[in-house]
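Structures given as structure tokens follow.
Both complexes below contain chain A, partnered by chain B and then by chain C.
Let's look at the complex of A and B:
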């Protein structure tokens, strides 16, 4: 029997959470060490995925399939070159965030760690699920632990932030749920069998008019999660109010669920609608890039500065993905990982400062590097990685992204470059005001430099930043096949539609669906059936 | 098969209630928990009879009382509901000095009425059952005799309930006039074949909708709900929010799902129910936003859930409806059980303000309550999510996309007020001490059973779904 390695990676944290329920809350150190241990074990197990991943095939690997509820609702997981790294990113960051909250979280340690583990299971589940129902379950279930993490351990406006976060995300995902029902039903009508398997849905060629609505429903859910302008307003609130570890997970992994959703669902299922919306989406990305950057420039709070930089960076990632070519999408995925590392690291750095000063306002700092030389070095690397300095990971990703965009649309590429310029401006300026110059605030003089624990969790990130910047092949080659498969898939379907339009006849579909009058109008269809 | 056995589940309950009444007279004791244990025992016996008769298709009284699988399933969930309600009331009654022996008798009478309703397909018999249920309910609502609110609840329930019953009888009379029948299948047959007078039939069905609309609390027949729910003793509120709703929908299902199979004549009523479903979901959830009393929040939430259940009727989705009711049973009684758990002698904590910091002070109660609320809000992996999933996906299959969009947006609103309770429990610092009575094993058993039910239905619902499919497959009228 094969070892269900993906299920182990997904549910090991959940098992940890269940175990924690039965441990006395007063044994805080035991809980912390155990949590660290479990998260490291999860990471090590997930490394097995990397080393045994076959880069030659676009098919999902480590597939596990089993009956669950029936009628299309099955347990079906697997990973390909796109989801592999997102799973790894999640498992990699979890020990780091647990270490980072070692002393930061003093209250209710037990519940905190339980929610962290539940969150991890939810996130990994989203990336590995190949059944839409399973995907949706993880997608929604993950909201609950995040809701508690922000709401209990957050800052002053935590309740506002957490409710806003949940309601925004729910709005999108509920409409996506309706779209899932609709497709579930279409598939049943066309084939007579129930399925929620996404590969079955890839084979579906949908009526363009239906596609528009479905794309809007899916797209809204993902766009809110990314978040794309103008659905980004929950992000700065959630980031600023969340505890450091929450912000790290939010920025590094949660936002990627949106981009991943576009790649996994919206692109291959609704290619025609995607083409229709590309211009609008491109413009929204550009607005997001510039708006996010400008907002970051004027922030007084370091954390919200980093939060707005996320909006800007995610804009570039989305723009690259919408380029719909190999460079763009690969760059987008690479940049997703980079953004996860660099923004995650920046939040960790902000957290370190906050733990010492209990403030995050830029004006309260100044000259910190004199007191904390080691921290200063780490912070500098993370900041430059986010700016996109050659030799660090951000550069590779951004260059690939911009190549891709340039190939697709030169104007957008030129506008997209502003993300790099703005990033340099707001990050360097922030660094200068916080770390350099004379010490103006006496409090700064009492700052202690990084302790061993803090060095321990920042070091792996920085090593990875250099590695990904200097030798990206390690990572890129494993996603090539999957990404080019995705691009082909979108183009092939697109070709069918153009062909059909040229010959002025409705697109014929050999697999699943036929163009039919009644598919357009649910009401007419209902009448027809009930008669 | 026509056999006397078909009466067993009902007879056991009736026998139990009579026995409880008699015993209460002869054994005057302060602690009446022996009555509760006796009732529980009889409930188990009745449930066992239901299980035993599964797939047997027994009937009696010329088929006026027939135990189809669907009836048996409904009987079972009603028995489970009553079982849980007794568990949560045992300590509550002594704590709130309402420990009257007739409590258990009334509860069992109400259950027997409900069993009659779900196992008959004759409207007259159903009406009989409804009256048995209603009269016991009025008395139960006013159980706390010294409490003004409780009295108000009883009177309100009685007055409006009588109106609703009157509408129902009126409707039955109209239907009889139109089709010369009181049995549901014959009525539907008569209405469909057009051998009846169309308008008369429509008016009749409309009046029946009003009658049952009151029982299941859909807007605009919901006015009584918040006050009655708030005033009645909390275990009884839990009972009201589940029992009458389940039977109401069981009857509506028998009437309207076969009726809607025929599209031609039913457009008008379909539209009417569509509107009722939509405004119930919207109004129930929106009004709940403004409430600060937890019982009232749960009252409006139960109104909103009636709206979702109405969607299931419109979608002709029996499976979804039955599954929804099953999940709803566990999560709603669970939620009320958690509310009861936060109580002490002569005092209940019902205002949102009381819930500050409860989650950390009483981690187990807080956590289970949170799970029930999350399930009511429809988050996976709980029963509440799967229930909504089934109902809404069936509705989309029937082309009711706009209704489903209204439904999901309404449930987005509901997320806000369910989470609001959680916010108070976990994210606000307590302002004052909240002492509770911890010595309440039966209540914690009920909490645990509900928690188990919610999670089982959400994660591994396989067995229950198989049972429901069997129940639906053997329907006499489809």
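Let's look at the complex of A and C:
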């Protein structure tokens, strides 16, 4: 029997959480070391996925399928070139996050770590699930630990921030749930079988009008998660109030669930509606990029500055994947990883400052570089990675994103390229006010430079930033087939609709392509012949 | 002999890496030795490669070394590849040659600075990035170097970052450059979309075979040129360079005079096929160059800060280089880039030596009569000034003359006239600087006078060497009037520079042009002599007579203030208003409002939840009756 490697990666943290229940809460250090150990083991196991990943096929790999509740609700997981790196990013960051909260979290360490583990399982589950119901379960399950992480270990306005975060997300996901049931029902009517398998849904040709509603329901859930303008206001609040580790996970992986959702569900299932909404979405992304950048410029709190920078960066990522071409989507996925690293790292840096000063207001700092030269170097690299300086990861993602957009729509690209200027402006200005200049606050004089633990968790991130910037082939080449498959899938379905419109056929209400029909599809045939 | 040219940028890179990782633990002496040695080794390989290149026939050019496949996704394909051809060879020689001398100078200049190791790390990193910029075989690699030198410039301008003004200047330089970079990036995208590659050789071929229309070529060329105006401090993006003088003086010499700021000129020369094909883009380049040359020179007239005068002078001189490129005389533009690297870095280093002698004094009004105290700095400074003023037999004369002659020959009389006017101003402000600093009565602060001393050999030897090159460097590109085929520089560049049409002037006209430019240079110097030696009362009288004009010039046409109001402050103010009134009140207000509304309805509903079964039963009954009624009627 094959090893269920994906399930191990997904549920190892959950097993850790279960184990923790039986450990005495007073043994805080044991808990910390054990948590670190489990998270590192999870990361190492997840590396197996990378090394054994077959870059030649678009089909999901490491697939596990088993009956669960029935009526189409099955346990079905697998990854492709799109989800592979998001899983790896999650497992890579978890040990770092645990190390970063080593001294930051002093009360209820046990519960804290348990929630961290639950969160990790939830996030990985979202990325590996191939059954819509399973996906939904993970999507919602992940909210609970996040709710507690902000609500218990957060700052002054933690309750407000938590409720806002949860309500926002719930609103989106409820609509998505309705849409899922609707599709479930449609599929049953058309085929007489129950299914929630996303590959079955990929084969559905839906009435364009129905698509619009379904796309809106799914899209809203994902857009809130990303967050796209104007659904972004929960993010700064959640970030400012969350503990460092919460912010890191939130920015690095949680937001990616939104972009991932678009790629995995909204694009291939509702291509016609997608085309209809593209102009609106493109404009919203541009607004997000510029608006987020401008808002970041004037924030007084470093954390909300980084939060608004996320709005801006995520706007570019969304814009790139809406370009619907290989360059844009690969760039978008690459930029998701970059944003995870650089914004995650920026939050870690802010956390380091907060631990020393218990403030995050920019005006309370100044001249920190003199006091903390090592920290200054790390902070500088993380900032430059976010600015998109060549040689670091951000550049590769940014140039591919912008190129993809440019290929699709020059006007949007010209507007989107302002991100290059804005990012430099808000980040360098922040760096200047926090790190440079004379020391104005006496508290700063007591700051100690990084300790070994802090260096230990920042170093892997910085190494990866350089690696991804200098040799992106390591990462890009395993995405190619999956991404081009996605692009083809969208284009092919779109072709069916254009043809129907051309021949003035009334739109089909609902139709599921059978395996045979797939071959009849004109574009598919051409593809086969050319191969 | 050209086999190892790709090592040229890698040696400083390796040195940087060692300094980053272990620099804090290494002894100071070793740090500077390694940093200097790395650049020297690169210089040696540059020389060897140059000799190898002379023996390579044109068909084998450019020599490309593909290090590895870098960014590949769909149509966007960029290798990390380096190339050696005459253009990049000249640039590597300048960057590593002048760079080495400045490294050595820095050993003396920075000796007592606590950031010694950090300084040399940045300096090596800069050398690496600059070499990548000039050696990249495609636009993307060039862009890497382009941004890399921008970063080093940011780090080095803000080297003394605990000084508010230094940190500010570094940030300003980076952000202003980014505006140009955004345009550069769009230019790259246009090229990739229409030509399918960023490789220079493929681009040139494609343009030759008509892959793009002339108007598209103009659009692309202008976008690239906007990038160049950022990096090379031309109108409208020049404003960062004067502030960049906050950095250590050797940095100003290396980055903000000899190498980085000329990158825009290099880029335009590199893309000469595109610019020539477009035609109108070329005119834009020439006019921006000419206007900048005069505009910056006028701002240099009234400045009292010795480094700022040189900074405006640099902006002005780069304007001349762009005139060269714009009128199609790319070789002349490159020639001026090459001679300027010597005399301008000489001027900066000599200014640094003056500052060193006066414990950091920058104000020329507090100098005067220094020539007897600084027996080496003074003559070398003077040589630099003569060279830049365009006095015959020194390097600056030959290169400036080549540019202006080409402008005239191409019928660009307005550009030529602006160039001539700029030349008077150049000679004037340069000798104003010389006279105020080294002649006249001593106006020193007592503290500065107490330890007035000539600089150590580590600083003076580079000065002497640079002075030597400022004299002789021009002899590789002699004008036609001296003899045919003596323009070795131009001929060496021929394989790279696309020659559209050459206009030949009669020898008589050439002589006349030379005489005019010599005459204006002498006039400029003479006026400076009258103003500052013969009759020092004239300048204050002039200021009294034209206070408005003086104020405008002294305040640099208020361009910084205008930009700040128009772009910086309005953006920040606007964003603050939007944040307070839109983000918090409208968007977030809607969110909170709907939460409150929900809460309100929840409360109303809760009135019905009385907890008494009889109430529920009543409601149930009412509902059932209503439903029944609905069904029946």
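Convention: the second predicted complex is superposed on the first by the 506 of 531 C-alpha atoms of A that agree within 3 Å, B and C clash if a C-alpha of one lies under 4 Å from a C-alpha of the other, contacts with A are read in each partner's own complex, and residues count from 1 in each chain.
One rule holds in what follows: a residue touches a chain if its C-beta (ideal position, glycine included) is under 8 Å from a C-beta of that chain, and two chains touch if they have at least 3 such contacts.
All of these numbers come straight from a predicted model, not from anything done at the bench.
Chemist: Contact-wise, after the overlay, does A:137 reach chain B, chain C, both or neither (first, second, both, neither)?
Modeler: Touch partner of A:137: chain B, not chain C.
Chemist: One more residue to check, A:188. First (chain B), second (chain C), both or neither?
Modeler: In the superposition, A:188 touches chain B alone.
Chemist: Looking at chain A, does chain C or chain B touch more of its residues?
Modeler: C
Chemist: Have a look at where A:279 lands relative to chain B and chain C in the superposition and call it first, second, both or neither.
Modeler: A:279: touches no partner chain.
Chemist: On the A-aligned overlay, A:152 touches which partner chain: chain B = first, chain C = second, or both, or neither?
Modeler: first
Chemist: Is A:331 touching anything from chain B or chain C once the two structures are fitted on A? First, second, both or neither.
Modeler: Second partner only.
Chemist: Report for A:471: first if it touches chain B alone, second if chain C alone, otherwise both or neither.
Modeler: After superposition on chain A, A:471 lies in contact with chain C alone.
Chemist: Using the superposition on chain A described above, determine whether A:66 touches chain B (first), chain C (second), both, or neither.
Modeler: neither
Chemist: Quick check on the superposed pair: does A:167 touch chain B, chain C, both, or neither? Answer first, second, both or neither.
Modeler: After superposition on chain A, A:167 lies in contact with both partners, chain B and chain C.
Chemist: Can you list the residues of chain A that touch chain B in one structure and chain C in the other?
Modeler: On chain A, the overlap between the chain B and chain C contacts is residues 163, 167.
Chemist: Under the stated contact criterion, what part of chain A meets chain B in this complex?
Modeler: So the residues of chain A in touch with chain B come to 68-70, 108, 111, 133, 136-138, 140-141, 143-144, 147-148, 151-152, 158-159, 162-163, 166-167, 170-171, 174-175, 177-178, 181-182, 184-185, 188, 522-523, 525-527, 529-531.
Chemist: Going by the contact rule set out above, which residues of chain C touch chain A in the complex?
Modeler: For this pair, the touching residues of chain C are 68-76, 140, 143-144, 147-148, 151, 154, 158, 161-164, 167-168, 170-171, 174-175, 178-179, 181-182, 185-186, 189, 192-193, 571-572, 574-576, 578-579, 583, 587-588, 591, 595.
Chemist: Which stretch or stretches of chain B touch chain A in the complex?
Modeler: Those in contact with chain A are residues 260-264, 360, 374, 379-381, 385-386, 389, 392-393, 395-401, 404-405, 408-409, 411-412, 415-416, 419, 422-423, 426-428, 461-462, 465.
Chemist: For chain A, which residues are in contact with chain C within the complex?
Modeler: Per the stated touch rule, the residues are 163-164, 167-168, 230, 232-234, 291, 294-295, 297-298, 325-327, 330-331, 367, 369-370, 384, 389-391, 395-396, 399-400, 402-404, 406-407, 413-414, 417-418, 420-421, 424-425, 428-429, 431-432, 435-439, 471-473, 476-477, 480.
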